[in-house]
Amino acid sequence: MSNQHAQSAAELLRRLREGVPLVQCLTNAVVANFTANSLLALGAAPAMVDLPTEAGPFARLASAVLINLGTPQHDQRVAMVEAVTVANAAGTPWVLDPVAIGALPVRTHLARDLLGLRPTVIRGNPSEIIALAGAGHGGRGVDSTDSAEDALEAARNLAIDFGSIVAISGGTDIVTDGVRDVRVDNGTELLTRITGGGCALGAVIAAFAAQDQDRLATTVAACAVYTLAAEQAARESAGPGSFAVAFLDRLAGLTPDDVLAGVVIG
Amino acid sequence: MSNQHAQSAAELLRRLREGVPLVQCLTNAVVANFTANSLLALGAAPAMVDLPTEAGPFARLASAVLINLGTPQHDQRVAMVEAVTVANAAGTPWVLDPVAIGALPVRTHLARDLLGLRPTVIRGNPSEIIALAGAGHGGRGVDSTDSAEDALEAARNLAIDFGSIVAISGGTDIVTDGVRDVRVDNGTELLTRITGGGCALGAVIAAFAAQDQDRLATTVAACAVYTLAAEQAARESAGPGSFAVAFLDRLAGLTPDDVLAGVVIG
Amino acid sequence: MSNQHAQSAAELLRRLREGVPLVQCLTNAVVANFTANSLLALGAAPAMVDLPTEAGPFARLASAVLINLGTPQHDQRVAMVEAVTVANAAGTPWVLDPVAIGALPVRTHLARDLLGLRPTVIRGNPSEIIALAGAGHGGRGVDSTDSAEDALEAARNLAIDFGSIVAISGGTDIVTDGVRDVRVDNGTELLTRITGGGCALGAVIAAFAAQDQDRLATTVAACAVYTLAAEQAARESAGPGSFAVAFLDRLAGLTPDDVLAGVVIG
């Protein structure tokens, strides 16, 4: 099982690098730079097009779309609905990252609206997934106070109700389609010591979602490649600053063979 | 005297790391990433919540609030007043960083309004402190053309008139409550060769302000820890790029014992 | 010829470092941090002042202005026209970087308006230059699908029609005033693997434009210094993460003698 997931992840990484997917990111201002650099390092092409009247037309060209609710200013909210509507019409996959929803009214309302548009993949930390499922009030922001297992039932419910794949980020990541759960055991605690450690994963999930219709497989591959690069980077880092740098180097340097040898999926 | 300040700084750093203060940042788009990473490296939890109707409710949860005027777009200005009003009602400390005020009308007007709400701490470079006190016209932007000593009288006046602690950044940082002045002699010129070198200090001052009611002591501790990490990072850097990376590593790695041994406060 | 360009570039770098030009940047949120850090590393002073009613007055103080269309939100568009109008009245050089124009309506319309205000320098990738000249529909975003030579005729037309210097970024950069074409052969493919690799060059072109009235020479110097620093950085990098760090170090460390020895201009 684990071996089959690893082979799939290696193959999807190979395919991604050949195709250079164009990933449209409507994301928060804090992590936009790191997100774009993560996509470039991976081998994808980022485009941060998030203006009303531009976001829709651009979504027609995009291979995948990321919607991250970290700093959803008014115009960006309009652009998000525009981009998702076009993506849905075109059959283009899109990822919802419901950053810090729960107690905060603007993004929580927006997340509910976007959920109704049936995201291809939802990625969040445990408290965000619980809040999105209507079962909790969210954490203190982007950090998470629950473990991924605590959010699994909420994730399965979201997956079944909205036809989405749900990825819960934690020490162990869990990806579920509501019926099958896959755990990815790579990673490092340092990912929580840099801003955008989770947000950039959302973009990488979008890039992989453009590689195959099996979105459970593409999401597992994205989580595995991302956390494996992080794990490798942690070994050569002296702290969060050098970790972020090494992570981009590792994401660029990671080969399909590294993936086969290194990922821990079950 | 110096030794007592160093012991206080070491103890406050220990306390900060145990408590993981939640620091709400309403800051400029240029430095938001570096500011969040600085807080994470230090051991605090950043949250860049700056939307109207979200900023106020979030300030109720925050341990401290940073208001940085670097790129104060319309909605952020509304959110700033919202967050400060809630912080004041809750007794939550907040820091005002009046970036580039003086000649620029929008932020200068806003800074005056916020001053009336009595910031817990004000941090700026000399020309900003002078401009905030109404005694000058500001510099060319975020860089400073005066030395900290030149701004000391303006800083003391601000401290007395608004009940604030004022921190002036320079080769030597000066922190004053209007009566007592404390000088922090750590640091490196490289802090002026990266963007956000001053802005992230404002966030760190906010994180420390949540540790104790003695805001002269917490602000001195913040300046000392921050500039000591920078001083250490400068020794292992080949230029401003590697300095920014090493700085985050050092901020994360700095121990209370390092603080006792390294800070120069008088 | 080549030698003369190299001597001019070395002399302009010396002059820039002595004068510390104040470069006002109205640029996109994704690359604002890297752009500011690039200017600081080079020896210039960045100021990201892009609010309506502030951008105009600040342009009176600025040595040069950068207008980058990467994420042109409403208020920033207003501020751009404000800043350019003041710059033109004051004889201050300004640079237009028409990011991702062509298919996207808001920025394409804005680029045409700004073109009518006669930019001192235009910098873009080949597909952007072709689109700006009205001869194509742009690429997929900030990446480029054409080579610089493909855009040379469009660049010459723009230069002649609007009195601008045009710099086309590519494996070889080409700078033209419509009559004379100068090629800069330094650089590294890694510049395309980090976000802002082109955008920060626009800011550096602005900083150099403040050094002399001969804007063909200043633009060639900017391209040469920038891509030489990148070339040096690539040699000591393990991937795009460490490249971005080394690039800032090299930009800060590059001497006029390095420029004389290293640039390849013809």
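Each chain gets a letter, A, B and C, in the order it is written, and its residues are counted from 1.
One rule holds in what follows: a contact is a pair of C-beta atoms (placed from the backbone, for glycine too) under 8 Å apart; a residue touches a chain by one contact, two chains touch by 3 or more.
Which chain is which protein? Per UniProt: A, B, C = Hydroxyethylthiazole kinase.
Keep in mind that this is a model prediction, so the values were computed, not measured.
**Student:** On the document's contact criterion, could you list the chains that touch chain A (Hydroxyethylthiazole kinase) and likewise touch chain C (Hydroxyethylthiazole kinase)?
**Tutor:** Looking at chain C (Hydroxyethylthiazole kinase) and chain A (Hydroxyethylthiazole kinase) together, the chains touching each of them are B.
**Student:** Looking at chain B (Hydroxyethylthiazole kinase) with chain C (Hydroxyethylthiazole kinase), do both copies bring the same residues to the contact (over half shared) or different ones?
**Tutor:** Under half shared, hence different.
**Student:** Just give me the whole-number Å value for how far the CA centre of chain B (Hydroxyethylthiazole kinase) lies from that of chain C (Hydroxyethylthiazole kinase).
**Tutor:** Centre separation, chain B (Hydroxyethylthiazole kinase) to chain C (Hydroxyethylthiazole kinase): 33 Å.
**Student:** Which positions in chain C (Hydroxyethylthiazole kinase) touch two or more other chains at once?
**Tutor:** Within chain C (Hydroxyethylthiazole kinase), the residues that touch at least two other chains are 29, 33, 244-245.
**Student:** Which part of chain A (Hydroxyethylthiazole kinase) faces chain B (Hydroxyethylthiazole kinase) closely enough to touch in the complex?
**Tutor:** 28-31, 33-34, 70-74, 100, 103-107, 140-143, 192-196, 237-242, 244-245
**Student:** Flag every residue of chain A (Hydroxyethylthiazole kinase) that touches chain C (Hydroxyethylthiazole kinase) in the complex, lowest number first.
**Tutor:** Residue positions touching the partner: 22, 29, 32-33, 36-37, 40-41, 45-51, 53-54, 57-58, 61, 75, 244-253.
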